[in-house]
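Take a look at the structures listed below.
The same chain A turns up in both complexes below, where it pairs with chain B and then with chain C.
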Partner chain A sequence: MAVAPTRLQVLALYKQFIKNSKQFNNYNFREYFLRRSRESFRANVALQKPEEVARAFADAKEELGVLKRQAIISQMYTFDKLVVEPLDSQKHTPSPTGV
Partner chain B sequence: MLRFTLARSAGAMRPATLSSRAVSALGSNVSLRRQYASSAAAVAKAVETDEGLSIETHTDVQAANKEQTDIRTNSNISSNVTADAISSGTTALNHAYRENTGFGTRPIYMDMQATTPTDPRVLDTMLKFYTGLYGNPHSNTHSYGWETNKAVEAAREYVADVIHANSKEIIFTSGATESNNMVVKGVARFYKNTKKHIITTKTEHKCVIEAARSMMNEGFEVTFLNVDANGLIDLKELEGAIRPDTCLVSVMAVNNEIGVIQPLKEIGAICKKHKVYFHTDAAQAYGKIPIDVNEMNIDLLSVSSHKIYGPKGIGALYVRRRPRVRLEPLLSGGGQERGLRSGTLAPPNVAGFGEAARIMKQEYENDKAHIDRLSKKLIDGLLANDHTNLNGSALHRYPGCVNVSFAYVEGESLLMALRDIALSSGSACTSASLEPSYVLHALGKDDALAHSSIRFGIGRFTTEAEVDYVIKAISERVKFLRELSPLWEMVQEGIDLNSIEWSGH
Partner chain C sequence: MFRSVLRTNAPMALRRAAPIAVRVNAARFMMPTRNYSAANKLTNDAVQTRVLSVIQAFNKTNSVADVSAKTSFHQDLGLDSLDTVELLVAIEEEFEIEIPDKVADELKTVGETVEYIASNPEAL
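Up next, the complex of A and B:
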């Protein structure tokens, strides 16, 4: 029933995935979703049949909803950066105590 | 450190508030923009709503940490004593802590056998059960109960699917410890009139060993099978141990400390031949190695949700229906879960567990490839150091669990030196005591080696950068600690430590 999305639509969706994945405050989740977004879109390049493409597109749209909500939650509850995570140097001007 | 601003249209930017407009925007086509604040004060200001209430919960104490580090660095410079102590003799510890180097301070999580981080997709499923879907799944007189019951049954389906079972064979429990207790005590008690014997192994998780031990007080005999140097049980020994009055064989699928996979299919075949129930504790194996309860003749199987990126506080027990496995329930009550586990189910946990199981199945290939690759890298990197060895079978193993011994280094002191990596020398249940791991003992390792072993856990969310950091940090600190050790000096000089006669004994 669903019509296969155009190339532009898929690319736009992919961009959304990357953008939202990058917004995770948690290092491990951010890296994971970036990796998985890239991998799964690349893997689905091989899809040929319109109905298959349409289904993959619909699934991905649903996943994008999850990603958007969870990226927001990840920003609401933040924790220290990991020892492998570079800090943005300008962000760390030592603040006066108690502020 | 981060704040986000919701923008409904280009140009119309305003701070995040909990107003109805912003909340509705979350659901619609919302574009998030990440902005970097220039100072901590600005951040604190930005997250406040109109009413002066913060909607963000930041538990990061990075600023405080930085401050402490600054103080420490300054005091180090002023007090020559500490500075000398640190810089004397070796350079190994110069890179030990990435303090004040532009990196964060939170340790890398490498203890995936203890528990795993909750997958954001799992949390997304759970949240609606904490907000709107609060019905009791056992209430069948109204729609609140129906909707949660539907979600519970869907989750049961997902949990069963991973091990190729029927959803009716899944009993939700509070975790693998409860499942294991239910099996060891329940099966034994149900058949106590005719059967008096339980078989398990020496490398089982504490909850199986302790449950079996408590059955000894109830008049049962328990055989603890030995394992070989690789951590595998001897199938001939198992077959020999089975008696006419044996009711249960319990062997864990993947060991939590050394990651060794027991030959489940062969054990299942032996148990079927002798008509003995076969239970496997699959807390570490579920969703991570292929398990088919029918092909492997598994009659009972324990699962834990928080080992598969699900919520904590829930697990499951698979109980075969055909031929039926009978067991006496631990809890008496309303008769939920086929009467085997009374008590109201927690729909948020059950649904989260179901989603976690679904993702385990969906992501199996990806996770496997990722974990295999990182595991190989970690093993190669760690074993490149002298006098290190991998514990447990190199072939029959789950790659996400790497247990390495560093000879001539005391494990606990290595862990203390590794405060930037969250690791454990063994099971979390026993890490409070300083006694060496009983699992490594069962493998025939001596106390010294068992003391110097560290377990590394790799999971779905582990990154390559983390593995690189761990290899570098461990190698440096092992070298540092060995330089301090007189034993290491003797080894370098070619003295066989076993030939030394220690005085004072």
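Up next, the complex of A and C:
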């Protein structure tokens, strides 16, 4: 019988999903996978039975494999940035001029 | 360079010995020197402003106006555990560090996060 994963394990898996989703080069795919990761974890928030949790965890693990692979493939086919994306890095360092 | 100088000026007898001497000299010049610069230490204040701007950019937070060091992710910002993970990933990216899962689970307030980052030597 499958053992239910601990809270830490689930959170670690979620972190992997978010991190790998952010690797996508293409804005639309990136946002889609971020959205999907959030939704799929939220959909299972209320699961109580250990078997169900274990099954959801195992499914998510398999999907993480797909996500990782696709994220790497997406980096091989780069696109120009869309107008909605900031061109500079996402750093929040305050600029020296204070502007 | 040295060899050509020697060849024009030195008598025949010297020319045989010269290459070794030149090599020794060159070796002394090429001794690697390393200049260690002091680590770029982040101050708590600098870390805090950056953490706050990350929180601000994290659009799920409901009230960003009065975020201070004592602000708790869960109670004050209304983030659940999944949101907190996401916020910490954003903070990790900002400082280019990796927060271990166990530590991340312990970080419950802005102040704790700021302290952890300031104490992390790899934070940029």
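Basically, the second predicted complex is superposed on the first by the 88 of 99 C-alpha atoms of A that agree within 3 Å, B and C clash if a C-alpha of one lies under 4 Å from a C-alpha of the other, contacts with A are read in each partner's own complex, and residues count from 1 in each chain.
As a working rule, a residue touches a chain if its C-beta (ideal position, glycine included) is under 8 Å from a C-beta of that chain, and two chains touch if they have at least 3 such contacts.
This structure is a prediction, so every number in the text was calculated from the model and none was measured.
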- Query: Which of the two partners, first being chain B and second being chain C, lies in contact with A:81: first, second, both, or neither?
  - Reply: first
- Query: Which holds for A:38: it touches chain B only (first), chain C only (second), both, or neither?
  - Reply: second
- Partner chain in contact with A:20 - chain B first, chain C second, else both or neither: first
- Between chain B (first) and chain C (second), which does A:61 come into contact with in this model arrangement: first, second, both, or neither? neither
- Task: Check whether A:8 is in contact with chain B, with chain C, with both or with neither, and answer first, second, both or neither.
- Result: second
- Message: On the A-aligned overlay, A:73 touches which partner chain: chain B = first, chain C = second, or both, or neither?
- Response: first
- Message: Counting contacts the way the document defines them, which residues of chain A are shared by the two interfaces, the one with chain B and the one with chain C?
- Response: 19, 22, 90-94
- Task: Would you pull the chain C residues touching chain A in the complex into a rising list?
- Result: 49-50, 53-54, 57, 81-82, 85-86, 88-89, 93-94, 101-102, 104-105
- In their shared complex, at which residues does chain A touch chain B? 19-20, 22-25, 27-29, 31-33, 35-36, 39, 63, 66-95, 97, 99
- Note on the structure: So, in the complex, the side of chain B touching chain A is made of residues 1-4, 26, 30, 32, 34, 36-41, 44, 55-63, 65-67, 70, 98, 102-109, 117, 120-121, 123-124, 366, 370, 420-421, 460-463, 465-466, 469
- Message: Help me check something: in the complex, which residues belonging to chain A touch chain C?
- Response: 7-8, 11-12, 14-15, 18-19, 22, 38, 41-42, 45, 90-94
